[in-house]
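What follows is a pair of complexes built around chain A, which joins chain B in one and chain C in the other.
This part shows the complex of A and B:
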């Protein structure tokens, strides 16, 4: 497949770099101000080094991406809330041109799922979004294999930053602010970690899961979200007395989405440590399935994008 | 894992700060019977902390044909009302058990649990906030009444003194199948009092 990659952050660059290993060709890579476009395949390494050296990815206008011939638009621009723009606009243009879309950007599927599905229904292209939930962990494809009707709930840890902070607080008996500063020094937490620690990032992922289970109907405002900012070290100590610990746990069902700090058994499956993520898929006929792994990171998330590309049907091209 | 059944029994007609009024009283034969048809019962009492109280409370049991098996005196665990909970295991023929409870009540003993109703679930929650300044005993009695729960124990830490943020872990016994209802009540109490409520994760195989 010919890939046009929008977004040249960690995920976009990794998709471009790894695409060849998966047998795909990158015909465009764009950041917000420039693009490298070549219908015969761009020199990925050059574009990536330019970006990493602090320049734009290329000399073309990002608009030219849509004018070149591609099979799959990979939308890896930063997630935005509310109208999910400009990501949603990019997806719309690709679907209206009967191209496939693979999302790493959570905005369109968390905030405008029903509109997205309506656009897809009118298009010869399909939309896939494995990379929006749990990075490298195959969450959505597992649900797809089980069929969404046979899945009753999805629970788990889908924010590595919050999980790292809670793990360190419990292990070292330190307070939230202290561990947050440490996480920032280590590069585990961003300079502005708000969406990680207030539960928004995890909530977006569980909203996407609820949309998949219920075939739409949810956006971020439907989720009940609490973060970990008010959990002191002493609460983790008390939990440990009882053989438990506290994790930022999300739950998605057909009835709704909830994210908040919860007590879980200290040695239970959901009490993963460090930045690791885990999901528990509760099925109607087969009990619970657990899948754990790296929930973020450029190459990790890129593998989910490229697996999605591999699942796409061939487009019937008449041009 | 959050749902260990606890084998406590209580009388639905007695008051535990507004405990469950669910239908019960119909006796289900769950314990093994001995030849003489004697069955084991657990009775929870609340005693005033005065000399002689325990002895006075136990007399009506023997007087009514009950045989004492064990006495668990939870001295360290004073109730919000300042009483000491005592758990008494006894055995007696089923038709004498009502007489035992009546005898205890007539002697002025506060019987808080007796009979056949079982608590099916035990859960823990962690509360965080200005717990002490915010009338902890009121919080606990309202959890008991609003959430139809019995507080089994409480662990409190206030690393920066009682005037600052403290955390408490509360272990609760809840009627089977009513955990969600109880947690909802605790959640709304938490938001009213500005407390962070860390709930257990119920459901699935993780709870």
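This part shows the complex of A and C:
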């Protein structure tokens, strides 16, 4: 398939770099102000190097992406809340042109799910978004294969930054501010870590899960969210005396979404360590399925995007 | 899709019972000596009750299954080794009639993989076999989505009976013979538990995995297999003093298959308890994915079969 990739951050660059391994061609790669566009396939390494060297990915106008022939638009621009723009606009244009859309951007899927599905229904293209939840862990495809009706709840740890911080606080007896600074030094937390530590990032993912289970109806404002900024080191010590620890746990059912710090058994499945993520999918007929792995990262998230591309049906093209 | 189900054991009956929930119709259900056949859909509850009451599933000849119009043959007859008959013959007939095949029977996939793929290449039908490895855990679909080339190894616990026995031996300090008897009383081990305790069942699953990774070339005789019958209680006590325990671990790579009892960290991912299974999929770009869940059982395995049916493309039919 021919991929048009919007977004040249870690995820967009990784998708472009790995696409060839999966048998796909990158016809466009755009950042916010420039684009590399070539109907016969862009020179990916060049574009990526330009970007990593501090320039834009190319010399074309990003608008040219929509004038190119592509099969799949990969939306990997930064997640925005509320109206989820400009991501939602990008997705709209692709679907109205009867092209497929694969999202790594959580905004449209968490905040405007019903509209997204309505656009998809009117389009010859399909919408997939495995990469929005759990990075490399195949959460949404597992639910899809079970059929959403057979899944009663999804629970787990879906933010690696918060999990890393709590793991280190427990392991070293250090306080939150200290470990946050360490995480930023390591590149595990961003310069502005707000969405990771206040639970928003995890909440967006569980809102997406609730939308999948209930076929729509949820956005971020429906979620009950508490972050980890106020978890004191003493709470972790107290928990440890009882064979427990604290993790930022989220839960999605058809009735709603909650995210907050919870006590979990120290050696239990939910006590994943470091930046690792885990989901527990509760099913009607097959008990509880647990999947854990790397929830974030350029290549990790790119594998989820490319996995989605592999599940898309062929499109007819007006040549 | 219209399903023709061969095999009326736990798996066959569960597939027939759950098919409706997934939007499919059962046009035939056969055991070794009888069949229920109806092109408009058989009365599933009646057929299942007859079988559970000790009779055959129906009053028709099993041969009539192949004279009925169906889209997917579900092969859920008992696994046989070597020539994998009669399962392999059933699959051959369906593919030669350009119908799809979904297997829960490990025999054809472990023992005659290359021939199976050759028949598939000549057929309009596709072959899927998620249910042969890990029950409800989506192992093969995860590898398929990653693309097999991106997977370097698969490791894990894929036999719940052996895992239950080792878990109980460690927990209670009991010896193997005692716990085996307990497992048989609970229905966790069969009257003839040989394939579970000698490692054959696990080995068949890892052979299937190696065939998927390497695109063929392996059968059971290529695997190095050791079971749990000779693990003494004292070995588990010694392991526990060191924070470890013993599990029947298998590993599949492109180079081969090994199954045997191994020391694993007591609180590590591989030390699943009871009848639970776990797979660790090692990938090139996304680190290690762990999936655990119920590896066996009628409904559990049926969800894997029906998940496969959901991934099949529509067939043309000569009406």
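Going forward, the second predicted complex is superposed on the first by the 317 of 319 C-alpha atoms of A that agree within 3 Å, B and C clash if a C-alpha of one lies under 4 Å from a C-alpha of the other, contacts with A are read in each partner's own complex, and residues count from 1 in each chain.
The rule is simple: a residue touches a chain if its C-beta (ideal position, glycine included) is under 8 Å from a C-beta of that chain, and two chains touch if they have at least 3 such contacts.
Model, not experiment: these values are computed from the prediction.
*Asks:* Which of the two partners, first being chain B and second being chain C, lies in contact with A:142: first, second, both, or neither?
*Replies:* second
*Asks:* Between chain B and chain C, whom does A:300 touch in the aligned arrangement: first, second, both, or neither?
*Replies:* second
*Asks:* Should A:287 be classified as contacting the first partner (chain B), the second (chain C), both, or neither?
*Replies:* After superposition on chain A, A:287 lies in contact with both partners, chain B and chain C.
*Asks:* Going by the contact rule set out at the top, does A:263 touch chain B (first), chain C (second), both, or neither?
*Replies:* first
*Asks:* Touching A:237, do we find chain B (first), chain C (second), both, or neither?
*Replies:* first
*Asks:* Residues on chain A in contact with chain B in one complex and with chain C in the other?
*Replies:* 269, 287-288
*Asks:* For the complex, give me every residue of chain B touching chain A.
*Replies:* 1-2, 124-126, 128-129, 155, 157-159, 165-169, 171, 196, 198-201, 203-206
*Asks:* What part of chain A is in contact with chain B in the complex they form?
*Replies:* 153, 155, 226, 230-235, 237-239, 241-242, 244, 246, 249, 251, 260-265, 268-270, 280, 282, 287-288
*Asks:* Going by the contact rule at the top, pick out the chain C residues touching chain A in the complex.
*Replies:* Those in contact with chain A are residues 14, 18, 21-22, 135-138, 141-142, 145-147, 149-150, 267, 269, 283, 285-294, 297, 299-300, 302-303, 307, 310-311.
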